[in-house]
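Okay, so subunit A shows up in both of these, paired with subunit B first and subunit C after.
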Partner chain A sequence: MSFAAYQPLLDFFLLSLGFAYSQQVVLRAGVFSIATPAFAALGGYCSAILVQRYGAPAIPSVLLALVIGGVAGFLISIPLARLRGVFQAIATLALVQIVVSLAYYLEPLTGGATGIHNIPKLVNTWHLLAVVAVVIWFMYVLSRSGVGRAFDVLRQDEMVGATLGVSIARYHALAFIISGALGGLFGGLQSLYVFTIEPEMFGFAFLTAVLTYIILGGPRSVLGPIVGTAVMVALPEISRPLAEHRQFVQGAILMAMIVFLPHGLVDGLEVAWRQRQARRLDKEDREKRRAHAVAGP
Partner chain B sequence: MLAIRDLRAAYDGIEALRGVSLEVQAGAMVALVGANGAGKSTLLNCLSGIVPAAAGSVVFEGEDITRVSAHKIARRGLLHVPEGRQILVDLSVEENLRLGALAARQRARRETMDTVLALFPILKDKLRQQAGALSGGQQQMLAIGRALMGEPRMLLLDEPSLGLAPLVTDQVFAALRTLNAGGLTILLVEQNARRAFLSTSWAYLLDQGTIAKDGPSAALAQDAEVIARYLGHLAAGEG
Partner chain C sequence: MIAQQLLNGLITGSVYALFALGFTLVFGTHKILNLAHGSVFMSGAFAAYFAVLNGLPLWFAMVLAMLCGGLVCYVIELAAFRPLRSRGQIEFAALIASIGANLMISSLAQRISNTKVLRFPFGTFPVQFYTVMGVRISLLQIVIVCVVAILLAGLLFYMYRTSFGRQVRAVSGNERAARLLGVSPNVVFFQTFFISGALAGMAGVLIGLSFNSIHFLMGEPYLLRAFVVVVLGGLGSITGAVVAGLLLGVIQTLTVAYLPTGLSDAIIFSLLFIILLVRPSGLFGSAITATAARRQ
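Let's look at the complex of A and B:
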């Protein structure tokens, strides 16, 4: 089969990967936000309305989608600063509900339940590849920087973070802003790629899919979302039954991962590899000492 | 360098500090000794901003930090090595150390990592390993090393000997004396009173949330009441 047959799959993978990073960045900072669908919807409607209704060019529309997502992320971080864990999840889920409801009710602007159709297709595979490349590079630089380290410490222990000089509120807000900007950006790109936008696209299925990418791949490494998203996008294509029972397969994978590999595939393997490395070095150490003892001083 | 006046704090509704006053001179190594539940950890948590003070004041280098938030206190160079080490077990030793540099911000220096690794050579061999794979003593060294990465002007240590073998405790305390000799001010919380008296110049005894006694460590180690309460019969025999 030629590459062309797989091209829609690749495009779907690239868009999903953007949402996956939007989800990952908050989890990495220890924020249990599931607001990515809300950011994606905001960005998606932004670029769809600008391009389809007002004939705006693609680049400023998508950039505005990014900015709107980032601003939404910042705004939601303020009331949520004192919430943690499951309460963050519930509050961000409420944000998703609010945004989706607005999409239904603001019919003159959003087209209500039927959504907006015939959006010009201004985004192709190369555009997506380029944007994803920049995002991966950005996430890589971020993870190597002090910001990535601050996120890591906040995820593992906030109090330790504070004693190390990390401002909890500021870094949580930063994680929300990046998550919002990425969600908005890829929401905006998606509208200009799939011709159509409607509220239902940002429902529960989208939310669980994005979460699965990260739980499968891992919340920390840059490679994690790539692996997680690739597996989840490819699975239904591998065999027909997998596609028919997509939700079931997704649920089963989620449960298996949480029980057996809670750090995700990539992060989990990294941890296992380090532990092996440590054991090996320890063994070498002991052998060296024993050899030294036998030889005598 | 650090002056505490009539500090009061409550933990879960229980008044853990009932008017503590103490002072640490620049360059000194001071011990804070007390039984379990005397309020030692609460005092350190209060100094580093994790537990809010109910009343009283904490002045660090001439500035009132009583209401300053924890991360800002750390950035001013008052660094807290919490009890139980609290290293991040999922990260590598090197990543843990680099985390410490976050508190230093513009004061961060490149050579600090080398200084820390020279002080704790064992960490140098284990830089790429997972911090959780280290022994208890190595984890304590890592926790101290991480705080040093933040270019502290003063170090607050909570029970550095907790759960360590005597030989390893010796190593940790030797490192602390080296740091103090290099000019670092240290406030040390210890349950192991004998060890604390041996390594410090001045000591405070904390009892039920207030300072019961203070004086030169060597004098306190000879004090009959202190011997009875904190050092036990063995120490009296050795004295």
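Let's look at the complex of A and C:
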């Protein structure tokens, strides 16, 4: 059956999509956070330790991973509310480094550099599909609600948002909590899926991969991460040269997207379509007025 | 024993400072966080390695590394940052573009080196030790300190005693005003990026020599440390970068020597996090950098 050959790829796509949403929420709210690997590591170690060391069942450990991620997101949002722009990126990068180096250091708990192995595989494709479906539904509802609109305002102009009565600190905290919870949840799922967890998994490569999904897909729409993640996961499978030069292609995509299509594929096309629509309406309007002027009153 | 640790720390720190100087120069002047700085550093080391392999003398390889680093950094500017500049708010876009550039350069280097660790041929640099007042110091360490001191003096002279440096400082103060007064921004961009890359290239050679290991990911840990140096010293401050670099070198050597292994990184990055929250302007930053970092 041909589906079986692609099943690992589908699973990888589903896990990556979860991390992509975790990254998207903060970018959507205008926070330059790159803390998703830290949340993923926290959630991943949480469920790995609970299941492998203490024989805990899957559902509570994954839920606890979600809660830990969310709490971490909330805690980090308090100090980060004081920083802006690139400094938030530096601070969250420091956070990722702290979490990773603690994972190396706390050897009795995390297994140090070798990590934790032989984690029972308690998560399969159907579980991942179900969770991802719920997450997509949640993101859709969120983007249609007042929260989504508040995020959009804060991303475009904080000042305008503040004058319209949108609390910057509160909505940024909310974005961090959602990002942390999603990161923790999928980190937890990942370690129950791939048998093993080690600090190296949450390094620079993870961070750039997740950023690429969002830059490619777009920071605003629900469809964006799906497209971005699907393209990046599928690219190495399409042809051999693409797989061999994966890093190079990834770098080139990042640079080309940010230069030519800074809103990503989905958002960029949406913007272009709307602009065309607006121009056509404008043209029709002008022609109508001209016809009116020629005909005279 | 502690004197020996301090000395080693200061020498490591001087290389950190050299690496971070270029990073802070670009950030201070153009508000661009160049995450490809680590791969510029690596390309300098690669250039020196191939020069030495082809029988060129080491001093010439060092010059070549600086040229190569400068050129690579300028190419990054042309390809990644210049197209973004017309758009205004480029902080985040520049960050992403430089991550892309970093991936491309390091994957090219991976291809060139076949993912292997390159080593300078034996005897590229004479292994000699001197003992001064009970402290051992190698010839290489002396050379490192001298090179860093010369480059630092050159940079300070350039920035504060020449007309070019005045133009760079004018742009960092207010780009629009500088342009109105007839400063060509493209010339300034060329200078800052070239100097930044040249300093990183030299740092790459010095690190390559002292650990005798050159590989395509060697820039990553130094880039992460450069964040600490630059934030601790105050973004855009040359003095700050030097003092913070030396300080970081000492802190790192002491934590590695006297604390359990693995804790050093956690301490260093916690330090970065705390400085950002408590004093985002760093040790030597002005009030302007503080307002740039803090939300109003």
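Heads up, the rule we're going with is that the second predicted complex is superposed on the first by the 288 of 297 C-alpha atoms of A that agree within 3 Å, B and C clash if a C-alpha of one lies under 4 Å from a C-alpha of the other, contacts with A are read in each partner's own complex, and residues count from 1 in each chain.
Going forward, a residue touches a chain if its C-beta (ideal position, glycine included) is under 8 Å from a C-beta of that chain, and two chains touch if they have at least 3 such contacts.
Everything quoted here is computed from the prediction, not taken from an experiment.
Set against each other, subunit B and subunit C differ in how many residues of subunit A they touch, and the higher count belongs to C.
Once the two complexes are overlaid on the shared chain, A:211 sits against subunit C while remaining clear of subunit B. In the superposition on chain A, A:94 contacts subunit C only, with no contact to subunit B. Taken together, the two complexes place residues 168 of subunit A in contact with subunit B and also with subunit C.
Subunit C makes touch with subunit A in their complex at residues 31, 33, 79-80, 83-84, 87, 91-93, 95-97, 99-108, 110, 220, 224, 227-228, 231, 260, 262-263, 265-266, 269-270, 272-273, 276-277, 280, 292-295. Touching subunit A in their complex are the following residues of subunit B: 48-50, 69-72, 74-75, 79-80, 82, 86, 88, 90-92, 95, 98-105, 125-126, 128-130, 133, 146, 150.
Those residues of subunit A lying in contact with subunit C across their complex are 32, 79, 81-87, 89-91, 93-95, 97-98, 101-102, 104-105, 107, 112, 168, 204, 208, 211, 215, 245-248, 250-255, 258-259, 262. Interface residues of subunit A, counted against subunit B in their complex, comprise 146, 149-150, 152-153, 156-157, 159-168, 263, 271, 274-275, 277-279, 281.
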